[in-house]
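Here's a structure for you.
Per-chain numbering from 1; labels A, B and C assigned in written order.
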Amino acid sequence: MSRIITEAGLRELAEAWLRDGQAVAGPSEVKLGLIQYRPITAAARLLFDGFVHPANSIKEFFFPRHEPLYRYRLEGSRVVLEDCEPPAVKQLVFARPCDAAALPVLDHVFNWDCADEFYNRRREATTVVTLACSRYDDECFCTSVGLGPAAEQGADAVLFALGGGAFEVRPTTAKGDAAFADRTEESDRTATPFAGPPRRVALPRVEFDSPVWEDATLECLGCGACAYTCPTCHCFDIVDEGNAAGGMRAKNWDSCQFSLFTLHASGHNPRHAQPRRQRQRIYHKFHIYPEKFGPILCTGCGNCARQCPAGLGVLNVLKAIEASHAEHLPA
Amino acid sequence: MRNIYRPELMQVIDARRQTPDVKSVRARFLDPAAGRDFSFRVGQFGIFSAFGYGESTFNICSSSNWRDHIEFCFRKTGRVTEALWEIDEGDTIGFRGPYGNWYPMEEWEGKNLIFLGGGIAMPPIRCAIWYALENRERFGEITIVYGARTVADLVYVDELDKWAAGPGVRVIRCVDPGGETPGWTGEIGFVPMVFERAGVPAGNSVALVIGPPVMIKYTLPVLDRMGIAPQDIYTSLENRMKCGLGKCGRCNAGECYVCKEGPVFTMEQLSRLPTDY
Amino acid sequence: MSETNGFEPKIVAYVCNWCTYLGADLAGTNRLEYPPNVRLIRLPCTGRIDFNLIVKAFEMSADAVLVSGCHPGDCHYTAGNYHARRRWMLFRPLLEALGFDLRRIHFTWISAAEGRKFQQVIAEITESARKLGPYRPYEANGESKWRPAGLPPPKRRSGDDASLRTTARELLAEGKAGVVIGRGERGPVLARKPEDADRLTWNGASKIALTAYLKRKEVRALGKPAIVAGPADLRALNVLEQESQIRREDIHVIAAEGPGAAPPDFSDLDALLQLEPGERMAYWAGEFDRCVKCYACRQACPLCYCERCIVDKNRPQAIDTSAHARGNFAWHITRAFHLAGRCVGCGACTRACPAGIDLRLLNQAAARAAERQFGYRAGADPKAEPLVGVYSLTDKEEFIG
């Protein structure tokens, strides 16, 4: 037996959250041909299927691109600080499995040694409902990083399309259970497994000193499109905005692909050329993060390749690394 | 909600011009309880802020024995340091910290200490020097070689004499050729050469070497010739940082987050790190 | 007073040191009363007024802005006011396309002797701003349903792939080029070895302008570049040459067509301008709400070649780096203005944007003004004088009071 819900039922669920004054976010068509995860104000705008992956990730709902940390006010030589807090509303986020899978990975960095409560508060307040994939494109490589079209990591409930506007619901946490309580029907229909994309690359050993960086990443133009649409990239800047009377200090997204990212005040820059910055990104995902925290910092969503203006992206670089290893094998 | 990014407020009790573009600042916690609870180990750093301009990372260059205030020292090079340059006694600044690891002063006990510093790198050595002098009986001979490009670029000049007056302390100051003034009584030459000429006995020594990359590059062979092992040579990295909490992702050299596992490293540790610093 | 609920507008006036400021001074010494709503900011010359300052004034809740300087012929620096006039001829259409209320943006010539004119201008501007009510341009009301038709799909290039590959292979093999910059099936290709030439194709994919690679120091380090150039690339090369960024003899150009003579297609911009200003602003507010400041637009642009972009400069921080409405408007306005009279219409900014923002429309606002007011098309002629940077005594000034 399974629990099923109709598409109308899902929209009714979203509407109920909105009516309650809570937030709902999910894939929605922002303009012709462009689907993004967006906060939505009407459940009708939610898209459930008919596309592979939105052009961004759900990390924005946990780690916003701009997050005020506290406000300051200057009164003579006195400074008054006022904490900022994330909004208290609960969020319901409809996501792809590869986006949800980034959350348990991000939990590590935001909580090791000391806890970033801005992230944690949002994480606690959010119920993530994923819809298992039933299609993929050339950039998808979840199956190459140990995930798959129905990965449960980070999801509170997983939906499976049954066709005919019905979805099987498999809650994985209490939050997911609560979200669907009284909203599902018993059924004997269950989803047929979907294999997802073929394995596209065997995760290669990533070496710091290798000619592959220069060979395979020179096309990178140094924008942040990959990092900012990546569900796992989490680098940030801390900036002040304001004037002599008052203002705020905020945490803003930042990217290791920017040339200023590691520029010292002295003018020295350890990552002075783009291939070094690309190396940092790949090395961080497949060596540094797993060494430190266990999981790799990539869910194979493919957004980096889809959004890279220069046609790069993690998968392509991994393939180049794999090829370079093959080249160096004794004949 | 505990906000790990929120600084403590500190009142500036002294701001002193060390060179035409370097200032040292002493500050005290505005909240006496925060001051009482605060402790750090020499070698750790703090993130200091000028509100409206931003945060910047500096070594806490006072000794950890001083309970009344902490001190930091900076060169005017960017937005935040330009704003900090303007602060005066009585002004309020922000402080987060202490962050990072520290000099293993306990491990150094019973050993001779060699401090080699160049230019603005004296402050992160100064805290260790004061600490050693305040616990003089625990350490062996102390040698301090401090050089800068010109006489005007030397910081904490007034303290060099105080250190030299200590028992078993040898202070050698030097400036690059051409950087001397008519009344200059110190050495003329670069830190590595001046240090080698000084013929400091190397047995049972640890060295703390902080300075521009070129100084470190030429100092290491000298220490090697003296027989000081890489695991006894320490330095402090100054990778760019924002959060100091191992989250913002920019200070790492390979899997080592300099803000957490550093900034203090031995040369032996550095040799195993990717050259991303 | 009663009809405006006591609203007192804030007017920011950027005035030149030599004429208008003295005119204001004269108004003061002559006891000519003018409304206290105006905040005078003295600058050396109108030619020195960065458009960031206008944007900044609105950011800081000005309700109207005035720029005022010496009459033509009177500039203390000979021609600063002429430069200002020309730049305004391009900047105003940009603000118009963004949906700014142009009734709140004023430009006048006021001499040191015109204390009375100063008094009148301030009184008029204050009165009009009072009638218009408070101005919070970025807090757009509502959502615009308008959508541009968007960039047309790239035209098929007529070149022959086999001969392209032969040319590239030979250039690389003979050491005549260190890198051949072209397109491959997946995106741009930087061919460095003769065998890489096989990856090149005339009709490959590229969201960026290949000429954008000419600014990359990693690419410059490879030796003399050869570039597989389409019409827009050729126009970009012309602008880069005009601006002394490249010498043509230092670049090997492989082209199958000329830079193109057909007039640009402004139909989307024309449609945008049919909307009410408020809806235009709402449209852009909706678009910029998706901007995450990844700077793909800048990186993909052949003409954004500054070593350090203004948004990356922080002394002062002219543009907020935060990706909020204020920071995003300031960024896109500034970038569009920096491309005024320079944008070659390659569309790379729009294609590269991961948030699907049609940034091309902003650049077109200035390009259309350049075309209509000056008959100038960026990149058409490498020997032409850059549009912004020179002036003419006959530049139109119907917007100047």
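Criterion: contacts are C-beta pairs under 8 Å (C-beta built on N, C-alpha and C of every residue); 3 or more make two chains touch, one makes a residue touch a chain.
As the structure is a computational prediction, the values presented were derived from the model and not from experiment.
More C-beta pairs touch across one of B-C and A-B than the other; that pair is A-B.
The chain with its C-alpha centre at the largest distance from the centre of chain B is C. A separation of 33 Å divides the Cα centre of chain A from that of chain C. A separation of 46 Å divides the Cα centre of chain B from that of chain C. With centres set at the average Cα position, the gap from chain A to chain B is 39 Å. Among all residues of chain C, those that touch two or more other chains are 317. Shared contact sites, meaning residues of chain B that touch two or more other chains, fall at 54, 78.
Shown for chain A are the residues in touch with two or more other chains, namely 237, 239. Those residues of chain C whose C-beta lies close enough to touch chain A in the complex are 147, 150, 184, 186-190, 205-208, 212-213, 216-219, 290, 292-296, 298-300, 308, 312, 317, 320-324, 327, 348, 351-352, 354-356. Interface residues of chain B facing chain A in the complex, by the touch rule stated above, are 1-7, 9, 49, 51-55, 75, 77-78, 81, 90-92, 94, 212-213, 238-240, 242-243, 245-250, 252-255, 257, 260, 274-277. Put simply, chain A touches chain B in their complex at residues 69-70, 72, 74, 77-79, 81, 83, 85, 109-110, 112-118, 121, 208-209, 234-240, 242-244, 247, 249, 251, 254, 256, 261-266, 268, 270-271, 276, 280, 283-284, 287-288, 291-292. Looking at the complex, you find that chain C touches chain B at residues 314-315, 317.
On the side of chain B, the complex with chain C involves touching residues 54, 78-79, 82.
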